[in-house]
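Listed next: structures, encoded as structure tokens.
Both complexes shown next keep chain A, but they swap its partner, so chain B is in the first and chain C is in the second.
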Partner chain A sequence: MNIPHLTFQDLLPVAPAGVLVVGAIVLLLSEVFLSTAQRTYQAVIGTLTALLAGAVAMNNAFEPARAALQGYVVLDPFSQWMTVLVCLGTALASLLSAGFLNHRNAERGEFYALILFSAAGMSLLAMSAEFITLFINLEVLSISTYALTAFLRRGPRPAEAGFKYFILGAFSASLLLYGAALLYGATGSTRFLDVGLALPQAFAQQPGLVYAGFGLVLAGFAFKVAAVPFHMWTPDVYEGAPTPVTALMSAGVKAAAVVALVRTFLFLVKGLSPEVPFIAFSALALLSMVGGNLLALPQRNVKRMLAYSSIAHAGYLLLGVAALFAPATAKGSDAVGLFTATPLLGSMPNVAASVYKGLLFYLLGYTVTALGAFGTIAALERREDETRSNTWDLERFAGLAQRKPGWAAAMAAFMLSLGGVPPTVGFLGKLYLFGAAVDAGLLGLAVAGVLASVAGVYVYLRVVVYMYMRPAPADAPAPFRHWTTEVALIASAVAVVALGVLPGPVTEWFSRAGMVFGS
Partner chain B sequence: MSAEQVLFWVFAVATVVAAGGVILARNPIACAMSLVATFFFLAGIYVLLWAHTIAAVQVLVYAGAIMVLFLFVLMLMSLSDQGPVMTFSAWRIAGVVAVVTVLAALVLVFRRLPAQESLAWSGDAARLGDFGTIKHLGAVMYTQWLFPFEAVSLLLLVAIVGAVVVAKARV
Partner chain C sequence: MNSIYDSRILNLVIFSPLLVAGLLAFLPRNEKGQIRALTLGGMVLNLLTCLWAYSRFSPTSPVEFQLEYRLAWVDDLGLSYHVGVDGISMGLVLLTGVLGPLVVLSSWTFVDERVKEFHLALLVLQTAMLGAVCAVDTLLFFVFFEAMLVPMYLLIGVWGSEERQMAAMKFFLYTMVGSVLMLVALLAVYFLAAPAGMRSFDYSTLYNGLMSANRELAQYLKANPAGDGAGLSAAALALLRYGPYLFLAFALAFAIKVPMFPVHTWLPDAHVQAPVAGSIVLAGVMLKMGTYGFWRFAIPLFPVASRQFQLLLAALAVVGIVYGAFMCLAQRDIKKLIAYSSVSHLGYCMLGMLAFTAEGATGSAYQMLNHGVSTSALFLLFGFLYERRHARLMSDYGGIAKVMPVFSAFFLIVTFSSVAVPGTNGFVGEFLVLLGSYKSNLPLWLSVAATTAVVLGAAYMLWMVQKVFFGQVTHQENLGLKDLGPREVVAALPFVLLIAVMGLKPQPLLDVIDHSTQRFVARAKYAAGEGPVDDSKVRVVVRPLPKDAVAQVAPTLPPAVPAHPTPIPLPMRPVRLQPAQPQLQPATP
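The block that comes next holds the complex of A and B.
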């Protein structure tokens, strides 16, 4: 029997998740020893825990990439930066929840604890380097989001959303598990490194088994990312979940799933031609970009519209993933890129590095923007005589600029950022991501993405038009105010504009070499 | 015939008989109880195969937890003793044909499996040593698979909290 020798260095990658879990347990216990009905401090604990975990992850992000904990997880900047983004989203979501739940008289320590648990799951998922670990961490993330979706059982159809998410999520997780089992059968290992090493031989012997394994794993991930054609659950679940939870799901779950997807497939296709995953990712990206934006067009329900828009954003992210597997990238390519090539140097650096930068920056932009947009919706949604059609109707925003200019300006910034209009962070994110895709030779897909996002701009601008150019109805609702909500919205609005104008050191951090372990 | 073989035939015949009871009994409770018996006899076969852990898990999880769930569902449905009467419809005949085809295919595959020396059953399970025992499983789980094991403990905690949150009174 060999006792594993674990050092402090081994525990570094999971330290952010550890901080989040400890915070969650403190919140669970706070409910036991509660001596006051005033529970805003729970949201503050949640936010501070998330920020602390984010700081720990940021410290980790400058460590050299390596495998840790007997090779079950990897410590690399890609997963640690993703953890920073998740912690940022979690901090904002728990601030937004304070106002949201306070107004519905539903504040509970368990809610914040589950938010922190799901963030821990996201962080662990992003760094998993082995199929069983990956599956367990995916379930930690999923089960806490199922429970959060069904947390508030009033209003239009939250039970339906929770149940739908649970059934379809369990189904997709089992698809992923089945695919992993097939790959294990083909290669005799569950560690990504060993599977990748054994795959070329297994592929030569049993290509069908390997294809089936890849397909099932990809389908499982595509469900989590909400890519067309695996998106059917998204609008209903996003609509029925408590709005701050929807915000966390659209930003955090997607980010973690994309990072895990990239890691899994980068390891697996090492010895194989990356053509098959490239075609699959390109198809998913194209369908999601076009489908998400077109489906968002007829929506008058703003929350549902943002759900479809999050599908489109998953498509943009998948475009970046496809660029990683593009033939030009796979060759290790010194080909001169159209956008990132610097005339002085003559050639551009690695395409893959610019793709990682694009993905991370896009996720950063989407996190602050989506949290802000859903946060504004959470403050404005109807709470009396609500039905499914009127709770989040566009009319709620009519004339907001005259009544509450600050709120309208913030919401306008979020909408423009989602549409990718300068000078917002959404524009820079799209620029980096599409630029990287063009460098990888995906000109056609990038053009399709830009065209699809132009269709999307109509959707976002319609909200702005309602806020600024429509008269307020007689029974115009005032946004519900709570200091935590306002802090969160101001923070995200400032981030949306500031990062759009001065990305500062962030782009430099995101474009360091050695982003992904083993790549 | 060694004692092991005698035991194998006892368990094997009993498993098949109990499994037949699951599909042939009229009363759903009797079906469920036959299923419990099947699980127990199957656990006996696992022990003979030197798979102690799987045998224990079989009894604890299947015969214990999952059967209780089955019985709860049966209780809630409060079925009568009068089961459906066997009739012959096109669908049923198609189902029989499908089952027979699958069975034939499985038998065919099984017959064509290569005869591997290492897999041949010598009747001596002890040669497997520790493999499949709880001792071996424990050693592997707490050393080689330490991190996934700890991750499962987090998963269980989250599942408990989530179940309590969903099952509590309306908020």
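The block that comes next holds the complex of A and C.
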């Protein structure tokens, strides 16, 4: 038997995931040997594990880009920084969960273990450089989140959400798998490196097969990223899942899927006409930016509204991806349109580095903001109101500024950051991404994006209106207090403002993400 | 004489209100008196720092931005915290500083709910406004420009009158639409103005970077007006192709803020619904951000495009002047009348600026300050009346002069200023604006139409004064109105003093803005081939960023590692360069 020779260096990229898995196993075992009913320590273990994994990933992030484990995964700053972001999101989510589950008498070790498993899946997904590895990691991630979605299993809502997520998730995974199979048929390999090398020839011989594979893989990813028109599952699932899990899904799953999408398509576009991926990503970006923001307009349910907003944010990320794939041959004389790249100075600059940095910074901003926003919602909702379905109504926020000024100020900061109003991290993130898009000459798309974001600002401001300008109803429930929730909310609120004012070394770190393997 | 404080004064000017807000946050919310006193103290302190800055400002110095301070901020974007004042921003800093304490005094008894939040919003707003006028970095300007929205939105939405939520939302969204488009345009300028690695959002980088392209384009268009740009350099070609759109994006953002016809519709709502303090700040300073934006960014950065749109914008300004005046004639609501008079007055401001003549620009700059004084004073005084009577319609009043003589005297003086009676500040500004527009290349009928509106202006203001103050007291409730108390007199007196001083002795202030107007006109004309051929007259010279930070502006990435496994190099750590140290060198004279 041919045993591959693996060194420590090969295991380096998967080390963060390893830490997460070990932490998850510890948490599972803790449930077996438990002697107290007090389970907050499990959240602390989950948080510390995630932070440790994040530290390991951060250490890896300064390594040069290279393939590892025989080219099945890659070690590059892009995926490692993404892992850091996922770990940050996981740490915040497990802190938020402690209070949330405690309030519902549903605190169990397996919840945190599932969170950590799904984080491990996200981390591995982002570094996969081979279709089977990619699929397995996608499933590790997905199955954990299916289970988490239905974790509060009493009541119809979690079951419905979990079932819907499972069916559609399985469907999208099978699309991805089918596309991968077609590409394997066309190129004879599942490793991205080899697929990329073989694609030009395969495309010349069987363009239909390659296009079909390309389209199916793209559709599979678009489901995970929740891009319009593959977004149908998002509002229902986000609404039905326990709120801290929704937060993790909106930030972590999306981040991992975007990074995996970029990595996959860096190889898959070889040989194709450069217009094809560009127009595909531009169309997805446009639909998601406009659709997400407009669909959020009529929502009174804040959790659903944030679900639509997460679709819009996926659109902004895809705008960056579209800039990455802008055809280099664009002529300066082309008219400005939605799906054309007209670089300002006539020749296409190299925007890859700024796109990667923009994506990461945007994801960082979105992670802390979304975790904070969903965390505030989690603290305000009441299980007993869920059947009356007003537990997430805007009315819940009425007069919050007078009842709890600190909570209201934090939520206002999260809302402004989602809307991209300075001086918050959301503004800087948008600045980076739209900067890259303008540099690549996507003028029409950038204008459409910022105009759509104004519709988004209206949506977010409505929450602020309720908090600051409406009187509190007499029976308004106070947010339940738990120290873990408060720590998480303070941390994310501080991060939203501090990173928006002084991003400090973070942007410089992310500059190194320009070294993406294979680009 | 320079002192090392000179380069720090502006930081104090900008951030002292924020510091006071930090202190205020620790006061218990029920201590209303203490909160008001602390805020007033903070605003007075802020005014003193503004005056200190003014005393260190030299109107005759050839240096454009004085009291400069620069610090690296986000290195990889070439973003720096860069503040400095030239003549016009010095004027606006003074205006903002003076209004600060008066705003607090005006709401001393008017606002009695959520007092702490109210004063926090005022202080944060003060910081944002001062930051916006002092910013030399365009993105810093943008950040402050946007940051102004949130406290103002809360001021209107929380402490306003009946329809406040709608008005606040309208205000926010209108401004946001303009400013996001401007952000895209700003990004485009950022990429156009400098090659990769030298990019920066600094005003000097953007202006100097576009300067030669603008000149090239202007000369080209002179030779062949309908040319398709063959033979132009890449930057000039881009300016030919996208310049008009970029200019329009900037112009839209600022036109909404001014507000110019036809994007003025948010203003009457915002003014009518805002509390007194909100109206004063909105009219006094925030609207000036629009005219200031045209002055500082839109016109100098795109001289060619602004030439192309000069007639259109000037026509819109005149339409605004006349339309605003007619709308005023039709109003029964006093606050709405003052709001529409703002539309009319700021039309003069824009007309003077778009004349691109020295008189017009001077008049425009002076009119900015005038409008800040006289319209704020109108809102302040009407606020006192509103606080007593809670009615906004003219028909609710009548014969007030008999009941409140002191108040009526104040109001009349301010009215004269607003009508631009000679001897008041309004006269100086309007006269210069009209003079400038007659001397300019704008068609004569525009100037004539603008001049007729002067008469209309007198008509609607005096009409209003007549209905409110003279005649018989028609309402029983008005008989018991108390005249101004000492606090209110203290709040109103500075305005009257300013009106008199600025009207009778305008020269010192005109001197302050003189260099700034000269530069503005030179920059506006530079591209048309009429201005100085000499670059050095228009080039923006600023203090450079300290060396090591410049190196960081665009980190040159190591080439991507080849796609196949390679021997493992040593782990690399990023070299964290030290943040730029502010240099302790003496500031510009």
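What we mean here is this: the second predicted complex is superposed on the first by the 485 of 519 C-alpha atoms of A that agree within 3 Å, B and C clash if a C-alpha of one lies under 4 Å from a C-alpha of the other, contacts with A are read in each partner's own complex, and residues count from 1 in each chain.
One rule holds in what follows: a contact is a pair of C-beta atoms (placed from the backbone, for glycine too) under 8 Å apart; a residue touches a chain by one contact, two chains touch by 3 or more.
Source: prediction; values computed, not measured.
Peer 1: Any idea whether chain B or chain C touches more of chain A?
Peer 2: C
Peer 1: In the superposed arrangement, which partner chain does A:Tyr458 touch: chain B (first), chain C (second), both, or neither?
Peer 2: The second partner, chain C, only.
Peer 1: Should A:Ile3 be classified as contacting the first partner (chain B), the second (chain C), both, or neither?
Peer 2: first
Peer 1: Just checking: does A:Thr507 make contact with chain B only, chain C only, both, or neither of them? Give me first, second, both or neither.
Peer 2: A:Thr507 contacts chain C only, not chain B.
Peer 1: In the overlay, answer first, second, both or neither for which of chain B and chain C A:Phe517 touches.
Peer 2: second
Peer 1: Applying the document's definition of touch, where does A:Phe62 land relative to chain B and chain C: first, second, both, or neither?
Peer 2: After superposition on chain A, A:Phe62 lies in contact with chain C alone.
Peer 1: If you stack the two complexes on chain A, which partner ends up touching A:Thr133: first (chain B), second (chain C), both, or neither?
Peer 2: In the superposition, A:Thr133 contacts chain B only.
Peer 1: Looking at the overlay, does A:Asp439 come into contact with chain B only (first), chain C only (second), both, or neither?
Peer 2: The answer is second: A:Asp439 touches chain C but not chain B.
Peer 1: Is A:Val421 contacted by the first partner chain B, the second partner chain C, both or neither?
Peer 2: So A:Val421 only meets chain C here.
Peer 1: Is A:Val447 contacted by the first partner chain B, the second partner chain C, both or neither?
Peer 2: Only chain C; A:Val447 stays clear of chain B.
Peer 1: Show me the residue ranges of chain B that touch chain A in the complex, using the header's touch definition.
Peer 2: Its residues touching chain A are 139, 143-148, 151-152, 154-155, 157-159, 161-166, 170-171.
Peer 1: Help me check something: in the complex, which residues belonging to chain A touch chain C?
Peer 2: These residues of chain A touch chain C: 9, 62-68, 71, 193, 196, 332, 336, 344-347, 349, 353, 357, 401-402, 405, 416, 420-423, 427-428, 431-432, 434-435, 438-439, 443, 446-447, 450-451, 453-454, 457-458, 461, 465, 468-469, 502-503, 505, 507-509, 511-512, 514-519.
Peer 1: So in the complex, the part of chain C that touches chain A is made up of which residues?
Peer 2: 73-77, 114, 117, 139, 142-143, 146-147, 149-150, 153-154, 157-158, 164-165, 168-169, 172-173, 176-177, 180-181, 183-184, 187-188, 190-192, 196, 234-235, 237-238, 242, 552, 555, 557-558, 560-561, 563-566, 568-569, 571-574, 576
Peer 1: Which residues of chain A touch chain B in their complex?
Peer 2: For chain A paired with chain B, touching residues are 1-4, 6, 21, 28, 69-70, 72-73, 104, 106, 108, 110-111, 113-114, 117, 120-121, 124, 130, 132-133, 136-137, 139-140, 143-144, 146-147, 150-154, 162.
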